[in-house]
Every structure is written in structure tokens, then in C-alpha cells.
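Take a look at these structures.
Each of the next two complexes has chain A plus one other chain: chain B in the first, chain C in the second.
Moving on, here comes the complex of A and B:
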């Protein structure tokens, strides 16, 4: 950016924003912001049985997601790519195209990882305003912001203390892929142990900003007048996930299902997108009733992998 | 923006009862149009699948069993096994259902041209193989010796018996059952025994299968010593396929999506998968 960034008072800015737009403040959410783009239950089709025709889905009104940390901005950048293959997901992008995303951080960064606008902390109340996209620039203009910012010394930036070691491991996506793929046959003890601890509840997938599996489910209203075909959040650790009609289950054990969750995030995702589907946000560890910590698991696996493969 | 999950409306033009739990449904478009052909001139490639659905009861994947060159209709063969298939079994001729697809890759028919083909399947695995047979018979001169080995639990479980009479005039067929009830005069025993009786030229043979994992594994162990490598054995896999485009994750095996990368794989592609 060539010009000095604008500076705002956070509460004043947020109050003004709320007067002008529909704002969803994400700062205290347990669920990741994916919930507003890929909701837990998406009504894909609403069918009127009497008239034998589909009802039109209600239009999506523009909204602002406010207060996303850098890693959530990064997650949405990655989710946009996931949802673009093999072609743009209709339901995701009908919401996404109406979304303006405002990041909020006290960390330093070189290149914005995503979002339309980022507010970077200068002091407890003051934030620098950095537009990321044209949408962000338009928003700034609409808000009529004034004061230019002071320069801030680097020492004032905070460090993100969530899963710093996992963050480092994620930098080497190929090694992480190799280690996770290697572990199934060569270090099965870890998956046996985890299968004993894991409850198979699926919460890790629900809170994850990047997990995106879903089940297509039909339901009928009790009067039999209309029915819905919904795309609902699923979780690959749930027992029904790979079970077909007739009862055969292709991932019968929790060990297989739990490993599949890791395998998708760190191995299959690498094959498909060249990067892991994790930003080390720490939500899965925080929400896990069994207190499973994926950072510890991946440190453990990569260490064993490196020792075993030392030439 | 195109919504790939939006199905078209089709009507059930004909229902045939093939066994106590299996019906064939002939589907035609409700708008009077013909099904559109893909780049290869077929409305689906044998081995590709469609998602047929009933509003309120969901969608389920089926490998069409009809002639892929005939743009007037698509036949699906439905075993009553879950919610969607039970709802389909309640349908009458003239009822409307939903359809989307075709999805996936299908058998590599270009690689099959000029070759001897052995098709092996059991029970409800016949439909995608049936479409391949229809294609082969339509282009009979382009293929060498063609065998169908088809097994079922009992004689009533052998599907598409009326089509079988027509196929028999064009290709070699061996049928076998586990339990020879209902005055069955044909073969009894495993499909693998049929395979061992064939005289084949491995240098010019391709194999197409559709069946459960244990059957595939058993046949692989017979075919490899006969000189047919995993790369020349094509298997249509079963998984829970919901979205059809490799997004919803239910059908995954190793690093493949059965719905999008398959459902037809050569054995070499999949037999090293962790699951």
C-alpha cells in the first residue's frame, strides 16, 4: 500500500457499520465463519407436492462478517477454492457473493491472507484500516472514515500462541502428507490409541473452518404438502458416514474413520489442492470432549516418520 | 451460476419385475425431449451412474442398464434395500421422479475396441455391465470374443432374463447360481469356476467387473496367473455416492472419490489404498 492506512476507533466503527449494514459479529463464536457461507442445514430444494413444482429459494441479502482473525481469513480463502471445484458450488457462492468480510487482528502480516478489509490493532481502541479487495475499498468509502494512522513499531504486534508448532508443520505440506500416509501401516499404534480415546462425535469436523463434508437428506412436512432436500453438515468420524443402504459399512471401525479425517486433511487434500486443509485455528482441540490435540498427534507422527526414514 | 444439484424431472414409462426384490424402471424425460448425448455420442458411458430420486425420500445412485446409444430412455434396475429404493418400488407407471447425471467415468470403451472382453458380475452388479453389453452388441464387429460370466444366489435372482436371450445370440454367456432351486438345470457353483473354464488369449483380453470386494479379490488371484494384469482389469466400485461430483466425501477410498474419479478403476489404481 502506498498511502498511509486510515485509522478508526473500533467501537465507533462497529456501531456505524451496524447502522448501515447487516453485520454478523463473529468474535465470540465457537463455530467457524464457514457457518454463514455453508450453513449446518442448507435447504437446497423446496418441493411443493400439490403443485408438483419447486419453490424458489428466498434470496440472500448482503451481509458483513465482522471480526475474523487472520487464520479464519486464510481458511475462507481456501474454502473458496474447495467450493470452486469441479464447478462453483451454487449454494456456497450465492451466499459468498453477498458477503463482505472484515478481519480483525493484533498480529503482523505481510500479505493479507484473505477477507475484504482488515482492521489491524494499533492500541487497545484504535485500529488501522487496510482494504484488501475492491469490495473493501467500496466499504471504506461508504463509511466516510477520516483520520490517517500513525506509524506503529513492530514490537507492539502480538504473537498468535495457538498451535505454533502445528503452524510450522503446515508449512511443509508434502512432508506432512508423506508422514500421515506412512503412519497407517508403519505406526498403527497411534491410530489404535486414538480410536480408544475418540468418542466419534464429529465435533472436530463441525467446528473446523475447512471441513466441508455434507449429507444430502430429504424430509417431508407432517401434512405431506411439501418436502425439502437439504445439504446438512456431516462428519466422517460418524458411524453412518460410509454406510450404504443394506448395511455394508466401508469404514466400519472408528480407527478407520478417525484416520480418514486426518488422511483427508493432510494427505488427500495435498493431492487435490497442494495444501493441507488446516490453518491451526485450534478449534478442534478446544471442542474435543476427549481432549484430543491434533498438534501433539502430528508432532508425534512426523517425528516417528523422520526417524524411520532417516537415510 | 449453474446448480449441478438440480435434477430434471423424468417419468416412469415402464416397470418390469425382475425378481421378488428387483424392478427395472424405464425413464423418459417429462418435457418430451430426448436425453442429450455426451461428447462420445452416448447418453451415458457404460459404468457411469445417475442419481435417481423421489422428492421427500432422497436420491440413490444407479448404473443405467440400457443401450447408451438410445436417447429415448434410460433403464435403471432397482433393488429394494433402503428408503429411496423402497419409495421407487411404490411408484407406478406414469409417476414422476427426479434424475441427474450421468456422473463418473465409465468403462474405458476406447481401450476395449478390438479386444476380447470378459465381463464378470454377480447379483445386482449386472446393470452397468448390461449397458456395456448393449454397447458391444451395437458395435459387434469392433470387438473380439466376448464373454459374460454372471452369478446369483438363486435362479430367481438372475436379472434381465429377457435381455439375456437377445445377448446370447451375440456373445458367450455362462450363468451360475449358488442354490439350484426352481428346477434350475444350469450351472451351480462359483463364478471363479466359470472363469477357469474359459480359453483366453491374455495378450488381447480386457476384463470388466462389477461386484463386491471379496469377489474381485478372488478373481484377481485367478486372472493374474492367467496373464491378465491389474491394469487390464476394470472394476466398477460401490460406495455411498451422494453429491456425484467428489465434494461430499462419503464415497472416498484412499485418495480417490469413487463418484468422480471412478466408479470404474483399474485394479492397480485402487488395490494399494489404505482402506
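Moving on, here comes the complex of A and C:
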């Protein structure tokens, strides 16, 4: 973008934004912003039995997601891609197309990882405004507060202290893929150990900005007049996850199911998308009641893998 | 199984010893109950209409714990006459609060209150499944209205009612709660079946597990976490609130507590 640098006062900007638009402030959420694009429970359709007709879904009104850190912006960029294959996920993009995303960061970056607009910290109150997409530029034009920068010298940019080592590992996605796939047969001890302490509660998948599994539930309303299909969040550590019609379960034990979480994120995803499905946001680590830390696990596995495969 | 063109399913509703809280929930679903009354043939419900009909029943929905021989006999009779036995609420499903009763303590109190010669009629409070095969359990203390309606709707649609196969933790995260376990506070959410919307945790209490143990719950893993900050006694005091009379507690949980090593 070649527009002159703009600068805002954060609170003033947010207040005006809230007056003009529907704003969801994501800064204090435990769940990732995916919850607004891919909600925990989504009605896929509602069928009127008497009229033998689908009822139209209520329209989605435009909304702004505010305050996303860079890694969450990156996650949504990835999620957009995941949800585009093999076909565009209608429900996801129905919401996504109405969303404007505003990032907020005190980190330095070269290429914006996603979002429509990024606010980058200059001083505790002042933020530089960087439009990323046309949507972001349009939004800025609607805001009276934006004013040219007085060129406040940028403060020292902060370093992101969340999972720095995992962040590094993610850069070597191919090795990570090989190591995780290798570990199942060659380092089963780690999966045995983890299966002993993992509660299988699924929180790691629910809080993850990139996990996107759901199960389908059909139901009839109690009056017997309409039926409905819902898509509900699922998690691969739960026993229902891999069960298919007829009751057969592909991942029978918690060990297999928990491994699947890693396998999908770091191996299968690499095969399918060329990238792991993780941005090192730290949520799974922070929310796990068993205090399982995927950063430590992956460091452990890759070390063992490297030693074993040293030619 | 019934479909929307066939005859109404005959459903009998009974209550054994309990607080009737779950039946109150059934009444409180209001207009949805009107639909249910319209689509089912509801009989023998003491709190509802006084329509007394003999079996066979498509289903007998039973609230409460049988604690006298008469109640146990009636339960066995209902089993004979019903295609499905469905328990309503924690008392019937997992013995719940009545199941806390401790025999040796009880003896002491009987002697104190009624005198040494008193012969109690009550038997241990056990879940329905201790006596007969139970086809489905509607969990909760009390049951959740939406889960109750869902189960009945599934019956009407000719499906086998399903359990929630996720933990309370899902609904707890959706409610935006901080995790109690991470703050060194007792919680049985991870091993408990979801469906209650995590109301206790949102209200500042632990999940005591009134929705019963989730399928394939990793009980030893939870015990390990709890023991890091709570004593065996403290954990037992909490867990016996609802789990005192279920095999998962007697066989797995207790053992895990015993086996725990720092």
C-alpha cells in the first residue's frame, strides 16, 4: 500500500469503530477467533416438513473482528485456504465474506500475515494504521479519526515470547512432518506416556485457531414440523471422532487418537497444504488441564528423530 | 418403530425415591411438553394427568432411586412390560445424591434417632441399572431441558437416543470460563459427559459429574492432576457426591487414588 502512514489513538479509534459498526473485541477471549467464522454449533439447514421446503438461513450481518495478534491473522489466512478445499465451505464463507479483520500488534513484521487492517504499536496509546486489503482501506476512509502521522518515533518492537522454539520448528515443516510420522513406530514411548496423562477432553482442538473438525447432527423439532441439520465442533481426541456408521472406530485408543492430533496437524497437513496446521499461538498449551505442552513434545520428538536418523 | 404416520408411542412415567426435581424440569419445558403430550401417549404419570394404563409400554421413563422392596419389584415389572427403560436424572441413572448414603454411618443415625430396635425398610440407594437393564440414561441433577427434549425427540423419530460423547469442558470453554484445574481447584469436567452447558463452573462451583462418566474417560489421568493439589480425602468427598455407587468410581477411580504416587 502506498497511502501515507496514518496514526490513531487506540481507545478513540475503538470507540468510534463501535459506534459505526458491529465490533467483536477478541483481545480477552480464550477461544480463537475461528469461533465467529466457524461457530461451535452451526445450523446447516432447516427443513419444513409440511411445505416440504428448506427454510432460508437468517442472513449474516457484517461485523468486525478486532484486536487479533499477528499469529491469529496468519491462522485465518490458513483457515481460509483449508475451508476452500476441496470445495468452498459455504457456511464458513457466508460469515467470512461479511467479516472485516483488524489486527493489533507490538511486533515488527515485513509482510502482513493476513487481516484487512493492522494496527501497529508506536507508543502505549498511538498506533500506526496499515491497510492490508481494499476492505481495510475502505474502512479507514469511513473513520474520522485517522490522521496523518506526526512521525512519533516507533517504540522498540516487542518480541513474541509465545512458543518461540515451536515457531522455529514450524519453519522446517518438512522435517517436522518426517519426525512426527517417524515417531509413531520408532518412538512409541512418548505416545504411551502422553496417553497416560491426556484427559482426552478435546480442549486443545476447541481452542486451536486451525482445528476445523465437526460432526453432523440431525434432529427434528419436538412439534414434528421441521427437521434440522447441525454441524458441531469435534475433536480428534474424543472417542466419537473417528467412529463411522456401523460403530467401527478407526482410532480405537486414546493413544491413537491423540497421535492423530499431531499427525493431522504436522504430517497430513504438510502433504495436503505444504504447511503444518499450527501457528504456535500457545492456546493449546495454556488451556490444557493436564498441562501438556506441544512445544516440548515436538522438541523431544525432533531431537530423537535427528539422532536416530543421523547417517 | 413409530413414524409420523403410525400410532402414538405409549410412554409410562414413574418416580421412585427422590426430590422430583427432574419431573419439575419436564413440566417446565412448557409448550414443548404440550407437543410431547400430543405426540406421545403419556400414561401413569403422577405429576401429569392421571391416565392409568397397563403395559406394554414403548418406554418407561423412571425418575429416582428404588430404595424399598416395593420399588424394586415395580422396577422389575416395568422392565418386563417396556421395550425401553429410560432413566430420568442422576438419581435413577447413577444413584446420585441418594447414593451418598453410607451404610455404617446410617446404622449409627438410625440407632440415635429411632432407637436400637428399629428395623429400617430402606435398602442401599443404587442406580436402576443395578437391578435391570437400562436402555438409555437422561443425565443431570436435575436434567437439562434441552437434553431431555432431544432424547424424547429422538425416540419420536424412531432413533436410539444418543449420549453426548464430549466432556463438560467443551461447554465450559464456550462459556469462556477459566479452567479450575489450572487454578488448583477440583473439577470433574474432563471425565463427565457434556450437555449441561457447564452451569456449575460458570457459577463458580466445581463440576461434580452429575451427567455421569463420559465414554472412554481417562479417569487415572484426572486423578493424577487432582492429587497434585488436593488430598485423597478431599477428592473423595467431592467425587462421592454423585459417583459413590457407580462401577467407574468403585473400580477405577478408587484404584487410581490408591495407586497414586507423587
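Criterion: the second predicted complex is superposed on the first by the 297 of 311 C-alpha atoms of A that agree within 3 Å, B and C clash if a C-alpha of one lies under 4 Å from a C-alpha of the other, contacts with A are read in each partner's own complex, and residues count from 1 in each chain.
The criterion applied here is as follows: contacts are C-beta pairs under 8 Å (C-beta built on N, C-alpha and C of every residue); 3 or more make two chains touch, one makes a residue touch a chain.
Note that the structure is a prediction, hence the values are computed from the model and not measured.
Student: Mind working out whether A:219 is in touch with chain B, chain C, both or neither, as first, second, both or neither?
Tutor: It touches chain B and chain C both.
Student: Counting only touches as set out at the top, which of chain B and chain C does A:198 meet: first, second, both, neither?
Tutor: The second partner, chain C, only.
Student: For A:206, is the partner it touches chain B (first), chain C (second), both, or none of the two (neither)?
Tutor: In the superposition, A:206 touches chain C alone.
Student: So in the superposed three-chain picture, is A:89 touching just chain B, just chain C, both, or none of them (first/second/both/neither)?
Tutor: Touch partner of A:89: chain B, not chain C.
Student: Check whether A:268 is in contact with chain B, with chain C, with both or with neither, and answer first, second, both or neither.
Tutor: first
Student: When the two structures are laid over each other on chain A, which of chain B and chain C touches more residues of chain A?
Tutor: Higher number of touched chain A residues: B.
Student: Based on the A-chain superposition described above, do chain B and chain C contact any of the same residues on chain A, and if so which?
Tutor: 219-220
Student: Which residues of chain A touch chain C once you look at their complex with the stated criterion?
Tutor: By the definition above, chain A touches chain C via 29-31, 40, 196-203, 206-207, 219-224, 233, 235, 238-240, 254, 287, 289-291.
Student: Which of the residues in chain C come into contact with chain A in the complex?
Tutor: Interface residues on chain C, with respect to chain A: 4, 32, 35-36, 39, 149-150, 152-154, 156-157, 165-167, 169-170, 173-174, 176-179, 181-182, 187, 189-191, 215-218, 220-222, 224-225.
Student: Which residues of chain A touch chain B once you look at their complex with the stated criterion?
Tutor: Answer in residue numbers: 44-45, 47, 49, 52, 85-91, 93-94, 181, 184-185, 212-220, 227, 229, 231, 234, 236, 241-246, 250-251, 256, 259-260, 263-264, 267-268, 271-272.
Student: Taking the complex as given, what residues does chain B use to touch chain A?
Tutor: So the residues of chain B touching chain A come out as 1-6, 53-60, 81-85, 96, 238-240, 242-243, 245-250, 252-255, 260, 274-275.
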